[in-house]
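Chain IDs A, B, C, D and E follow the sequence of writing; residue 1 opens each chain.
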Amino acid sequence: AEEPVTVMGWGGPWKDAIMKALADPFSEKSGIPVRYVSPYDYSKLLAMDQAKQQQFDAVEVNGMDSTRMIRDNLGTPLDFSIIDKNNLSPEQLEYPNAIGACSVATVMIYSKKRWPGDDHPKTWADFWDQKKYPGGRSLQRTPVKTLEFALLADGVPKDKLYPLDLDRAFKKLEEIKPHIVTWFSTGSEPQQLIASGELEFTAIWSTRANDSILNQNQPFEIIWDGGASEGNAECWFVCRGCPNPTGAMKFLNFAASAEPQAAFARIIFAAPVNQKAYKLLDKKFAETMPSYPANEEKMFQIDFKYWVDNYEAVTQRFETWIQS
Amino acid sequence: MNARIDVWVLGASVVAVLLYLLFPIVVVIGASFNPTTALQFPPSGFSLKWYQEIAGNPDWINAFIVTLEVGAITTLLSLLFGVPAGFALSRYRVKGKTLVTALLLSALVAPHIVRAVSTYLFYVPLGLNNTILGLAIAHSIGGIPFVVINLGASLRSFDPTLERAAVIHGAHPVRAVLTITFPVVAPGIIVGALFAFMQSAQELLISIFVLGTLQMPIAVKLWEGVRVAVDPTLAAASSLLVLAALGFFLLAALARRGAAPAPNA
Amino acid sequence: MAGSQDSGPSPTSPAPVLPLFQRSWFAPTVLLAPTLLWLIFFYIAPIALMVWRGLMDTGLQGYIKIFSSDIYLKVFWNTLQISIITTIGCLVLGYPIAFALTVVGRRLQALILVLVTLPYWLDYVVRSYSWIVLLGRRGLINNILVGLGIVDQPLPLLFNLFSVCVGMIQVLLPIMILALFGAMSRIDRRLMLAAEIHGASRWRAFRTVFFPLSLAGVYSACLLIFISALGFFIVPALIGSPRQTMITQSILVLAETLLNWTDAAALSIVLLVATMVLTIIYDRFFNIDRLWGGDQR
Amino acid sequence: MHNVDPADLKTAAGAGVRLVGVSKAFRGTLAIDDISLNIEPGSFVSLLGPSGSGKTTTLNMIAGFVTPDAGQLLFDDKPITDIPPHKRNIGMVFQSYALFPHMTVFDNVAYPLRMRTKLRKDELGERVREALQLVRLSGFEDRYPRQLSGGQQQRVSMARALVGRPRLLLMDEPLGALDKKLRDELQVEIKEIHRKLGSTFIYVTHDQTEALTMSDAVVVMRNAQVAQFGSPREVYEEPENTFVASFLGNANLLPAKVVAADGQGQTVRLSNGAALTLPSGGRRTFIAGSDVMLLLRPEDLALAAPGTADSATLNGTLHEMLFFGDSYKLIVDIGSDTLMLWASPREIADLSVGAPVRVAWDAGRAGLLPAGE
Amino acid sequence: MHNVDPADLKTAAGAGVRLVGVSKAFRGTLAIDDISLNIEPGSFVSLLGPSGSGKTTTLNMIAGFVTPDAGQLLFDDKPITDIPPHKRNIGMVFQSYALFPHMTVFDNVAYPLRMRTKLRKDELGERVREALQLVRLSGFEDRYPRQLSGGQQQRVSMARALVGRPRLLLMDEPLGALDKKLRDELQVEIKEIHRKLGSTFIYVTHDQTEALTMSDAVVVMRNAQVAQFGSPREVYEEPENTFVASFLGNANLLPAKVVAADGQGQTVRLSNGAALTLPSGGRRTFIAGSDVMLLLRPEDLALAAPGTADSATLNGTLHEMLFFGDSYKLIVDIGSDTLMLWASPREIADLSVGAPVRVAWDAGRAGLLPAGE
């Protein structure tokens, strides 16, 4: 039999989606079995690399970790004799040694039950306005995106965000701090809190927002304006020193193509980077995707280069601030 | 005894504490029947589909099996190392007893993330990563203190005259300890073993690192789900675990019926 | 009733007298050595190696950072505070139930024990969801309070120190109860009868006889709970606020998010050393021997 | 030796205790079987009986530690359940001592005083020392129970029971672990305290001499039942059955058949053929032909001068002779049965095992009991 | 009653035990103070003494549970440390029974057999049932210790010690919790077993009658020391000091002064002025003028016919008369001192308290002891 490809990524429903949309059809087609390993843990990938015991062949990492992988050169140069560039769209090849996998964003959602009319919150400035829009709100416990939201709320235009004006951002954050119900750290927390009525509006991952609205019928609506898009930064890599690079390339060739990307998006709402996939998606559904051009326009792109360089220092500052 | 205030107060506080302890179980079991993907209590309807999903998903079944395997070996190792240590610490004047104790107890707090990373790196040359045994060894570090402490507490009340009686009637001291001391303090050892198993079953980070590529114990399975999205499968899996524990207790109770009678009639 | 074994008169000292083991270094060495080696090899050595590598890479920088930043002091203080409250809470809630276990009939005892240990099998993560159901702004308690008009604004019960303690106590209470029950069931019940027949009301018999005799068990159970509480991270992360950040969470951020293993290891070492120091202080006050069944005085 | 004047002791009225048809079973073992007793206020009652006959259980029931399965317990004519144990003003010596291990001897003994009275510190110390002196343990105040020998622990338990001058004292073999000498001394003390206190004493013992010398009434227990309840003299001199007769003191019980019974007395024939005539008296009478047991107490037997032939003597051979310190125990073979009697060192000077002897018996003190059982 | 034929028992040679200058202190309390003893193989030695005198500690030392602070212990002339306790082939009855709570009575008793022998299952059962029958506990095989009364537990402990037919049997008050009747029966059994087994028996008791009747030798202990070591007759009839005299049996000890001492005998004067002459014999002699104690055992005293005047009588008044079942105990006031003696029911028929009485004494059996302890 063929040597299996080991893939590391997020678990739970994410894993189910990967298996159904990518791995199973791939195995069926190529005869190469896929072993999917979760949970996603970048530090583990790093530990394996340090120990020269890399066991993951292909990984799909988030924007921040993509940038780190590229910086630390943890990937293997892609073999375009196996990967057919023709099946890809240019957006997927933005980063070296990587192929764009999916596009996610962090957005604001609000309760339509609470603000049924047109007088609903529309911007981060509204989110900050506790007087006009009282109610439970939450943000993610990370400086990435949160500081950007604060600056947007303070009136900084979205193309002038970077390099971040940290003092200004923290000053603005100080205003909202007493009104934050919770600083969530897992994707499921805001979902639960919406369901149990604790939150009226919140920052949330677009995938989870769509799951709540479309699958759980929560009466919420996404505000794309001022959303934080990861753009094309969430990528597939083939790991340095992995046991089965050839298989991994074959897998990437399949996974990055349009049809699996569309299938994947349908299941887990993670938008395709491969624009060709939009042809396969229902229009109405496509409009809920962060990489849908109309939506992407309204959002800003997270500058992961900035973040990778400043992550530790800003996180320390953010943690000190948040804990006080 | 006739009804008395103190009995009522005690009874009421017992019921209150039990309600507090059991409340999460009620919520989780309730939520596991919710028909939609939301974790919701009280459930908006009744559906067994999350249970069906678990039954039909080999991942969950494997997770249960892995948890059992790791837990069993952990318990065994904890007993193997914990029982002699507990015995030595409670019976002998040992130099540096405080230090040994401190070392044992520190294993309970040692941040798991640090143990996870360091154990992973340490295991690489030993080839213990991705083995059930490797994880069980790592978990035994947290299980040993439980065995030692519970055994120590039991030995404290053990009447040493019993051991003397055994030795004088022909038992080699080691045999006296095995046939008299250990059976008498067995409840303490069993509680320690139970704790050792439980801490293994709930441990997360070391499991993620050491057992990463292939298998996944139940705690990791639950955690990875939660990090992305919560749906009632998690509640259903948790409920099954609790029900399994309950079933285990019932079986144990049935097995004990007719065996040794009550200790204090 | 008639003289059971465990409390018969035994005037001679309970010192270790197994004659085989009279060469006092031999047996304890044989018994302890494997365990110590095991711990040193699989627990101390990996951490020491990692710390050593860190020192090689970056020197003492990590430690300097820890002791010069307020944030870690604050985190240490949080950890201490939460652990103390949790320990006291567990003791207050666990003592009556452990006591009740010693007086009820055998069947009821078995039932309560099962009910007490059952929550232990519930995953940490899933059970914190239930506290949202109970304590949230739209949770059961607030719904009742607001519904009855006792308060007009929902009380902030969730995502604060209170909820963290509620969650942690619920997790650790079974251990506390079992540890206390173990200690209490070794107290000779006839002593309570003797106290009552000599004029003590039940309450005073409890106070003057049962309670002092249970103290040794209380101390060791508290140490166990306190030390276990020090290492928590899921509960404060899910139902606490950032103000209740505990040390393990900080270590997690360093190790998992920032990939700064050197500092993470340094912080862990500080935590480990602190634990050892606490244990030694405990020994000073309460005599660690009690934990192992040594003499009471 | 006893410097404490028990006249100091405050006199409290003794409590009356009544058991009505009380039973108790432990998982199938009947420990108490339908017992009724009426214990007069202020009396000294001993419970006597073989090991396992239910003495401790009876005491525990009176203390309220064991709930009867059936029957009623009255304390001063009130059902006992109406009074919580600590208000019953009882003192108790436990068979297993039940000393508080975390308290010194002093604190153990002071316990009832601290619970029941508000004595000043010096008065309290005085009373405790007094009690310890009574049990000969002055100077042991600061020891812990585990530093005492068995007998010393028992005495501390007794001091604790006595110190509060309770209305009812329950003592479960309080002198069981003591040597004869100390036992004798403490028996005298206990009687003295009983007299001065006026409390009711219920005293479990397995020593019949103790029961007979100390008590106003003796309850002989057997197999969870009361075999006989009466004054020491009654139970000793007029036992109701062979069990009581042989349990209390030594008894020669010889199977016999009544051959004649009239106003003058009853004549019985032993299995070795000898016929004996008992004068009529207060004892039980049997019709001619009944199978009976003839009770001859060793102290009513004596060696008769050899050669004298008399209807009140029995012939036999000396089978065994045991040294008992103050006397010798003789076993005499009279054919089908043996007789036991005591002889002083002087009397046996010229006797040896195997020698023929004649035993004289006191017809007026012999008794007849129903045979069987 | 005893259907088991002890002749079945295999004869094992008894072990010899020697203590040479042994001492032991517990935190300042001297429990054993420089004791030397030589216990012959196969003998039956009783340890007798007041509560707390060190009996249990001595036994524990022989068993090897307590290490002496000083001195040496020899077992069959080998230092005891050379033989580990479990190989010493000892049986032991513990003062606190020390039954294994998790085993049934059967398993408790079978324990030594399982440890020391490889008996077949049926043989084992046979031996256990035999041992239980000896202690009258047939039918209790399946009970757990906590379901037994105090006395029943003690008997199980005894069966466990006996069942293995050990070379040395240590018994710490093995009959302490039993009633007189059972005690008498079991004493006979124990002696019988001793005879058949040929083992050495070391027997702690607080009952001097038991010690005197059963033993080949008696060790009287006092305050951690040996007060006297000798045959029962020696210690009873020739006590070395007043402690031994009064501890063993009843003793009338009268302070006296030797007024004359020659080959014929010694004459002493009591504090009430009466002079008594003792014939010379094997006893201790004192020079004239010494302060001594005159020892008169109650059994050597008797009521003399009133009116007879004799140098071997003492005059007094009857002070007290106590019923003892088989006899009456009389206390006679002779001025400065009191005398205790026994009388049969017949003798006291016409006596009442306060009456003048004459007490005859047996000069040949009286003894003199050094005064002052």
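We adopt the following convention: contacts are C-beta pairs under 8 Å (C-beta built on N, C-alpha and C of every residue); 3 or more make two chains touch, one makes a residue touch a chain.
Because the structure is a prediction, the values reported are computed rather than measured.
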Chain D reached from chain A - shortest hop count over touching chains: 2
Pair joined by more contacting C-beta pairs (B-C or A-C): B-C
Gap in Å, rounded to a whole number, between the CA centres of chain C and chain A: 39
Chain A and chain B, separation of their C-alpha mean positions in angstrom: 37
Centroid spacing, where centroids are CA-atom means, of chain A and chain E in whole angstrom: 93
Centroid spacing, where centroids are CA-atom means, of chain C and chain D in whole angstrom: 55
Residue list for chain C, restricted to those that touch at least two other chains: 1-6, 8-11, 13-14, 17, 19-20, 129, 133, 202, 255-256, 261
Junction residues of chain D, two or more chains touched: 26-27, 56, 95-96, 147-150, 152
For chain A, residues contacting two or more additional chains: 41, 43, 186, 192, 196
Residues of chain B defined as touching chain A within the complex: 36-40, 117, 120-121, 124, 129-130, 208-209, 212-214, 216, 220-221, 223-231
Chain C residues touching chain A - in the complex, by the definition given at the top: 69-71, 74-75, 78, 129, 132-133, 136-139, 158-159, 237-238, 241-243, 245, 250, 253, 255-261
For the chain C and chain D complex, residues of the former touching the latter: 1-4, 7-11, 13-14, 188, 190-191, 193-202, 204-205, 208-209, 212-213, 296
Footprint of chain B on chain A - complex, ascending: 6, 10-15, 35, 37-41, 43-44, 47, 50-51, 53, 55-56, 186-188, 191-192, 195-196, 208, 211-212, 215-218
Residues of chain D defined as touching chain C within the complex: 56-57, 60, 63-66, 84-86, 88-92, 94-102, 111-112, 114-116, 146-150, 152-153, 160-161, 164, 170
